[in-house]
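First chain written, first letter: the chains are A, B, C, D, E and F, and each begins at residue 1.
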Amino acid sequence: MASVKLLGDEELCPQARAVFDDIRATRKNDFVNNFWRALAHDPVQLERVWSQVKQVMGQGALDPLTKELIYVAVSIANNCEYCIGSHTAAARAKGMSNSQYHELLAVIALASQTNRLATALRVPLDERFDNPPEG
Amino acid sequence: MASVKLLGDEELCPQARAVFDDIRATRKNDFVNNFWRALAHDPVQLERVWSQVKQVMGQGALDPLTKELIYVAVSIANNCEYCIGSHTAAARAKGMSNSQYHELLAVIALASQTNRLATALRVPLDERFDNPPEG
Amino acid sequence: MASVKLLGDEELCPQARAVFDDIRATRKNDFVNNFWRALAHDPVQLERVWSQVKQVMGQGALDPLTKELIYVAVSIANNCEYCIGSHTAAARAKGMSNSQYHELLAVIALASQTNRLATALRVPLDERFDNPPEG
Amino acid sequence: MASVKLLGDEELCPQARAVFDDIRATRKNDFVNNFWRALAHDPVQLERVWSQVKQVMGQGALDPLTKELIYVAVSIANNCEYCIGSHTAAARAKGMSNSQYHELLAVIALASQTNRLATALRVPLDERFDNPPEG
Amino acid sequence: MASVKLLGDEELCPQARAVFDDIRATRKNDFVNNFWRALAHDPVQLERVWSQVKQVMGQGALDPLTKELIYVAVSIANNCEYCIGSHTAAARAKGMSNSQYHELLAVIALASQTNRLATALRVPLDERFDNPPEG
Amino acid sequence: MASVKLLGDEELCPQARAVFDDIRATRKNDFVNNFWRALAHDPVQLERVWSQVKQVMGQGALDPLTKELIYVAVSIANNCEYCIGSHTAAARAKGMSNSQYHELLAVIALASQTNRLATALRVPLDERFDNPPEG
């Protein structure tokens, strides 16, 4: 069971209701998933998180699918079961193929391994990697 | 200082030397970074990790830059300072622009935040996200 | 299912029974939660953990509710589902209001985000923050 | 060295400059620490993170020192060296005493320990902890 | 539910089937656990992970039970519920006694605690610990 | 620099001094490493942590070197640079060979990888692994 009641549409305060309306309009989809129904107890936080999602996850210098893959990778490294489930589904909805999914997992598995090895060995960063780019 | 001595080329055993030769040939670059010089004490592990890098990070259903971005994201979530430094440099070398870098960080920041919120609220996965695809 | 059987009162060895008695007396409550029933297989560890809880979580320079909020925050960052559930309940029992709960989550969400950004950017600590206080 | 150049005041674009002005005005202090100088390469992210800090960390249902303690706790659990250093300093500036600091560490140490034990033992959440509060 | 369908023996492609045959032959046991049934969608990854398990987990300078204990410890620190369950069972199958299990947990609990204290206090490594061994 | 001043022997309060005396007597070694010098500001915590180290790390059902390997593994998974350095040195002092060290790293690398794969794939625990042993 969730730590808070998942709010139905009829239980939303007007500020939360407005965010839900925007979620539906932005996604062109009537479905609002449980994450938002849990967050809706705090409409200020709900609005802040949703507006960040809207700003960050759309088309930019990176395309939406690439962003979704990064999101899934972080969620796996952070062990968030809900986010793994929901964002893997989102990535599929945005076009992730089975082959892309397998490659995503392969990169995550590889990085998880080398991360621990480099940490264990306390490898110092090579000088040539340690200078920030201009501009 | 590293947990082990970083091996110079002249200190490598023949099996490690062969891996270094392959790293240089594959990357078309004489430079071999510190990670491999620390791993080279265990040539079996060196060979295993390098062959995995070679298999996983090349062109596939995902392109090499996308894979590198995923690698950086995992390294940040896992707090591996060496890997953050070296793979951010690798991503730039593969063409990551400043805008792409900023968007990468924005996605990681967002996911880190929502990961903890979903975990805190123990949000149950929506039924529609909880069915594996066919095939 | 737990990794070990959760022990009922009648299954406790005398040393574990004595710890359970102290838990009940200290909390003025007959209920002993599952964590202790799993730990009770190793009465030495049970006694060590319980005595640390007793020493640390009471009134001191920080009040018990503040300590409980810190406990919940760490449990969320460490992804311990049991601890999130039980210590969120404990915080409510010690008086945490809904508004305080929402602010707790907002701080955790913010810190999770800035933690990863500072790590990603490998920001060096400002000199003025890097000197330990006297005494 | 940081992953990006830390920007001096004279290197800021107008949007970043405006955020720095607000940081200085809000804190009534001319000093702007390195975190913001690294973030300033992406003025949109800079503005978003700063506005969240401003909204979240002020007086609310929890007082600013309690929030700072929670921030430090999360930063320790997330292993962010920069954030540990800067927010421990911030907590001291907001009045954290040595005794409070020691108790903060004691709670974090205790929770880190019980988190892993509960995870290892896969303890199921007690039914009485598993119901969200009304409202 | 898993993120992918767990494949039955009759659903395996020939390459995955060959890996399953090797798992069964190596373990002298017909049972193949769910982890491999999920991985089997990507036979290349399946083969890579299995061959690594075979190389690493057998008798070497460390005996198989010691390796299994290390595996369980890492899985607990990484919060992998599946791996905690399956490798705790594997450790028991390799002869881990109840006393050894309790001591394993005690070491993990202790290290989890001192890890966070050393991180919080930003303790610098003693010079005498900071020199790699010869050879 | 550490978050607190590392205390010299002449700066210890009597209670901390007594713990240092016990550390020296137990280890039959005059050297007291930095971790204890940082903890010594809070003699209650110092005493609690040291007495736990003494209880847990000695000979038991597991031998001291095996415990030290587990300690190093947890410290790597938790990213504690100080603990990795000091406990790798401790493991060598207790007889860890180079081959054992390489195998330790290989197990950690493998587990880190499979942990993330099992988490990503949300693999359900096999029924046969999910029953606690008798007794």
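The rule we apply is simple: contacts are C-beta pairs under 8 Å (C-beta built on N, C-alpha and C of every residue); 3 or more make two chains touch, one makes a residue touch a chain.
Keep in mind it's a predicted model, so treat the numbers as computed, not measured.
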Listed by label, which chains are in contact with subunit B and with subunit E? A, C, D, F
For subunit A superposed on subunit E via Cα atoms, how large is the rotation, as a multiple of 5°? 120
Among the chains, which one keeps its Cα centre farthest from the Cα centre of subunit F? A
Need the most distant chain from subunit B, centre defined as the mean of C-alpha atoms. C
Check: interface with higher C-beta contact count, A-D vs D-E, is D-E
Can you give the whole-Å distance between the Cα centres of subunit A and subunit B? 19
Subunit B and subunit C: spacing of chain centres that average the CA atoms, whole Å: 34
Roughly how many whole angstrom separate the Cα centroids of subunit C and subunit E? 27
Sites on subunit E at which at least two other chains make contact: 1-4, 44, 49, 52, 55, 76-81, 84-85, 88, 98, 102, 105-106, 108-110, 112-117, 119-122, 130, 133
Touch graph across the chains, line, ring, star, complete or other? complete
Interface with subunit D, subunit A side, in the complex: residues 1-5, 44, 48, 52, 55, 130-134
Considering only the defined contacts, which subunit B positions touch subunit A in the complex? 1-4, 6, 31, 33-35, 38-39, 45, 49, 52-53, 55-57, 60-62, 66-67, 69-71, 73-83, 85-89, 92, 97-100, 102-104, 106-108, 110-126, 128-130, 133, 135
Provide the residue numbers of subunit C that touch subunit A in the complex, in ascending order. 79, 84-85, 88, 98, 102, 105-106, 109
Which positions of subunit C touch subunit B when the two form their complex? 72, 76-77, 79, 81, 84-85, 105, 108-110, 112-117, 119-122
In the complex, the residues of subunit D that touch subunit B are 3, 41-42, 44-45, 49, 78-80
